[in-house]
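Please find one structure pasted underneath; my questions will follow.
In order of appearance the chains are A, B, C and D, and numbering begins at 1 in each one.
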C-alpha cells in the first residue's frame, strides 16, 4: 500500500548499504575507535567548516536526547522545551528518568518564541521562591520542529544569545536536520549551526541510515567530562561502532546526506500541492517534509483504504489532523499514485 | 513586625510542646516503633473511623510527596497534577528526581477539573503513540489547594471514581488539611477522605507541630510493599521517631488538630473582611486560611513597612497578587493591628 | 595484524548481511511491528519449543541489562550479581543510573555459588536491620560468564528454585549465549533455559549480527507491564526495528546462530591447545571462546608485535592475565598463523 | 529495662529542650533564614576557627549522606566507601537512588586503608576498560566508623592528600562526630577537620538533639552550586528550620555538644571494663561509645531478660557479636546496674 506514514519505514540508502557491504570483511577497532567512525567525524568537521568539534555516534533520537541532556545538565537542572517538543511528550519520560524536569513553554506551530523564554526568565528572576523550583540549565529546540516548521537564522541567533547570557546550554535536536537545511525557507547551512548552539545532532535514522545520530559538540573543549562513560552509562555505546561509523562515512561522502534530504523536500512540494488541490485545509504551513492537513473523518476512513498516513490528533469531533511525510526514499511514482487517488 | 507571611513561622502549639517536655525523659524504641507513634496512629484511626488504615510519620511536604509518589508508582509511571500543584512547581524537581514525570492539567483557581482529566484520557486513549508517552499512574490533588480553594465532596468522589476505573492511585496532599476541613465551605470530614482516595497526608508542620506529616494509606492491605524501606531510601526515616510520634499524639488528643485549625479559619474570615473593606480586589475567592488580593505596587511598598506578607506573582506591571495567611497561632491582637493599619 | 581481541571486531555474518540487502527495498512498519521482527520471534519460539514467550529486540548488552533489570525490579529493589559480573563492573553505573543497587557476591571463576547466595539470604533474614538495606529483587547470572565459564543444568535449576522460593526474578545475560550452548561442556540447550529462568537474552552483537540482543521473557503473562514504554524510556527503542528484526530473522534461519557459534568453540579448542603447547599457564579453565592465560610481561610485549589480544589485569608485577578470543568469524588461517607465531 | 541499644533512644538534652521552650513563642523566618540557624552557624564557625565555612542543617544521617553525595558528584560519578560503610549497607539504596554507584573497599575494623585506595586507583589507572566503569568522584569516610574505631590525624591527612591529587571530594560522615572527637584516642579536634576534608557533618540526632545534622562545607567558595535547591529536591528542607537551628544553637553554646559527648566516652570506658571483667571477648577494640563483644548465644538469651542491646551479626553458630552503646544520656546508675547484672 502507498505509504506516507513516516521517514523511517525504508531500509538504508543504496550507497549506505553498499558501504556496509564493502567494509563487512574488514576487522576493526570497537567502541568508536574504528576507522570509519574516524573518517565520518572528519567529513562532518569539513562540512561544518571547523576542526574544533567533538563528534559521537549514537543510535536513535530519544537515546541521543536523554544522553546529551543528562551529560550537559547538573543533577538538579531542568531543560526548557516547547510543549510539543519530542522530549516533552514522545519519549516516555526518558528525560525525567535521569532526574531532569522538562519545563514547557507554549508551542507556536512547534516553535519556541523568544518572548515566552524572556517572560519565563522574568518571572523566574522575580520569583521569591525560585530556589524552590527546578533550576533551568538548558534550552532544547528541534530543527525542523515536530510540526515541520523552521527557525530562522535570526531566531536561533537571538535564542543562543539569550542562552549565553544566562549560562544555559543550547541543544538543537536535528532528528530531521537534513530536511530542515534543504528547505527553501531555511536561511542558513550546517556550518552556521556549529557557531550558534552548544550541541546539536545530525539525524541519520530518518535520512538514509538504518540507525544512527551524530552528536556534535560545537567546542571540543567544552564537551561534558567523561562523555564516553556517560554514553556507556546510558546504554548507548555500540560495541560494533562500525555500524554507525560506516553509515555516516557514506552519508557524508559526496554530499549524500544533503542530496537525499533534498529529494524529500522536492517531493513534499508536490505533495503539498496535491493536498491543496484536493481541497484539504492545512493545519499549519510546513516548509519541510512533514505536511499536516485537517481531514473530515469520513474522508480519512476512505483514504486509509489506499494510503498509509498518521492520525496526528483529533482536530474536533468531525475531523482529524493527519500527517503525510515524504523522505529521502520517496519516489515520483509514489507521488503520482497519491495524485491519482486524491485528484481523480 | 506584624506577620501574615505563612502558617509555619511559629513554634509548636503549647500542648504539643508540653507533650515533648513531658515525654523527654522516657527512653523509647526508634524508627517508628516508639509508644507515642503507636498511640498517635491509634488516635488518627479513631478520628478517621477505621482500623484498616496504615499510617506513617514523615517530615515535610516535599519529602512526603516525593516518597509517597515514588512508592505508589512503578518506575516508568507519571503523576497528573494541575499546573499550580506543589509538586509541579515548588519542589525543585523532587518528583522527577525519582524518575517520574509530572503531567500537568490547567488549574482552575488551583483545582483540577474532572472534565480536563477526562479530556486528557480521551486524547491518551486515542493517541496512536500513547506507548511512546509517559504512562499516567496517579492523580495528585491538594486539599486545600495552593490557592486556598476546596474540592467538594462530589468533586472528590467523581475524581476517585474515575481513578478507580483506570487503576490510578488518587493521592491527596493535605499539607493544610485541617484548614480545609474546618472551612465552612467544606462539606465533608476526615473520615470521608479515607473512603475517597488511596492515600492522603495530614500536615502537621503548618498546623501546630514543629515538623511532621502523617501519611495515611486508606487500605492497609494496599500499602506499597516495603514502604518502610522506601522511606529509608528517601532519607525520610527519623531515627528518633518520637519527635513526630509525640507531636501527632498531642495533635490528635482532644481534637486539638481541628480546634486549632478552626482558629485560622475564624481569623481568616476577619482578615478577608478587612481586606475587602480596604478596597482590595481579590484574586480569587478562598474559603480557607490563605487570602490572595491584587494590590497596586505602591501600596505594596507602603504596607510592607508594617506587615510581612508574600508577593505571589506580578499581576501586571502595576500591581501584585499578594498572599496573607492566618494560622493556628494567629491572635485577635494581630488581626486588630492589621485592621488598624489597613482601615485607619 | 592477527586479531584475537574480541568477538565483535568483525562485520556481520554473510547471511545476515545478505538478508539486510534482500529486504532493503521493502517498506515496513516500525518500532518492532515490521514483518522480520515478527518472523524472528516466531523462529526463536520454535527453537525454544514454546509459544508462551514474549520477545523484544534491543541493541547492546548494557542497554539490555539496564532495561530488563529496571523493568523487572520495583524502584527500591536491588539485583544480586557476582563481583565480576558485567553489570557490577563494566557498565559505567548503568544499573545504578536507574536507582538500583548491585549487591555483589564473590565470583568463583566468574560464577555464582549457590552456597554464597544461601549465606547471603541467611544473613539477610537474620539481620535485625534488613529493612534498612536495599531489598534484593533479582539474581543476575551471565552464561557463559565474563571469564568464559559455564553453569551446569543442575546449578541453574538449583539457583532458579531458590529464586522462585524467594520471589526473586532470575535473569540470565546471554551476551555470548551461543558460545556457551555450543560448548561440549554445556549439558543443556536453549529450550532448557526458557524453563529455568524468568528472562534471558540471546546476544547477537557478538554472534554474527552488527547489533542486536533478543530479550526472551519466559512466560508472556509475566512480562513486565508496559515493557514497550520502558524500552522507549531507556532510549532503547529502534525506530527502524527492521535492523534487528532482519538480522535475527537470518540468525534463526537454518540454525545459523548455533552453527556459527560452534565455529568459535572449535577454533577455541585449537587455540587452547596452542596456548598450552606454548607453555602458558591458564588463569582458569574455560570451555568456551574466551581463553585466559598468564603471560610474563616481556613475552606480552613481544607477542603484541604480531597479535592483538586483551590485557585482562595485572596478575602480579611480572605477569599479566591476557585474554584471547575466538568468534563465529575466526578462520583456520588465523589459528594457523597464531600457531606459527607461538610454536615456531 | 536497662537499655544500651543505641545513642538515639532518649529525648533531647535538657538544655536543648529548654532552648526550644524559650524560643517557642517567637515568630521567625523559615527555610534556614531564622535567627537561631544563623547564630548556630556562627558558633560552629567559631569552634572550627574559620569564617570560610558554609553550613546547612539537615535532618538525619541517610538524608544528609544522600543529599551531600548527590550534590558533590556529577550524575555519572561514584563514591568510594569501605564495605561496612553506612552508605554501603544501611541506607536502603539511598545513594543509588540518586544514580550513584557505591564502590566498596575492604573494611579494616570499619576503616579504609589508604593502601587499598592506592591499589584501587593503580588498578583503575591501568584498566584498559576504565572508561566502561563508574567514575570515582568521592571518598566517603565515617568518623568514628560504624564499628566505633577512629582514624588518626595522619591517616586523614594522607587520604585527603590522595583525594586532592586525584580531584576527589573527601566527605566525612560525622553521625557520631562528638563521640569520636572526645575519645582519648583522637589526636585532633574539630578545627582540624575543616582543613582536612571538603565536607563533613556534625551529627546532632545521636548527640543531644531530637533531630538534626550540620553539614559543613570547608570552603564556602566551593559549596556545590544551588545547594539550597538540591536540599529541597531531596525533600530535606525544613520549612520550620528553627527546629534544627534552635537545637544546634543550644548544642554549640558553652561547649555543650562536646561536654555531653564526653559523658558517653567516660561511661563507655566503664562499660568496656565491665564487659572485660565479665569475660567477654571483644570483637574489636573500640575507643568510642560503641562496644562490640562476642557472646555465646545462651548467654545472649539470658542477658536479654535484663538488658536491651543489639545483635550485630552471628559470629558463628554458637555466638553473636553484640553491640552495647553509651550516649550523652547514659547515667552512672545505668552503668552500675549493668555491673551488677554482669558481675554479680
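Simple rule for what comes next: a contact is a pair of C-beta atoms (placed from the backbone, for glycine too) under 8 Å apart; a residue touches a chain by one contact, two chains touch by 3 or more.
The structure displayed is predicted, hence computed values, not measured ones.
With contacts defined as at the top, give the pair, B-D or A-B, that has more of them.
If we tally the contacting C-beta pairs, B-D comes out ahead.
Taking only the C-alpha atoms, how many degrees of rotation bring chain C onto chain D, rounded to the nearest 5?
Resulting rotation angle: about 180 degrees.
Which chain has its C-alpha centroid farthest away from the centroid of chain A?
D
In angstrom, rounded to a whole number, how far apart do the mean CA points of chain A and chain B lie?
42
Please tell me the distance, in whole Å, between the geometric centres of chain A and chain D computed from their C-alpha atoms.
50
Averaging only over C-alpha atoms, locate the centres of chain B and chain D and give their separation in whole Å.
Those two chain centres are 33 Å apart.
For chain C, write out the residues touching at least two other chains, lowest number first.
75-76, 91-93, 97-99, 131-135, 229-230, 232-233, 237
Considering the complex alone, what residue numbers of chain A touch chain B?
Interface residues on the chain A side: 75-76, 78, 89-93, 96-102, 123, 126-129, 131-135, 310-311, 313-314.
Going by the contact rule at the top, pick out the chain A residues touching chain C in the complex.
On the chain A side, the touching residues are 3, 6, 8-12, 14, 17, 20-21, 23-30, 59-67, 91-94, 97-98, 205-206, 210-211, 229-230, 232-240, 242-243.
Okay, in this complex, where on chain C does chain B touch?
Touching chain B: residues 70-71, 73-76, 98-99, 131-135, 225-226, 228-230, 232-233, 237 of chain C.
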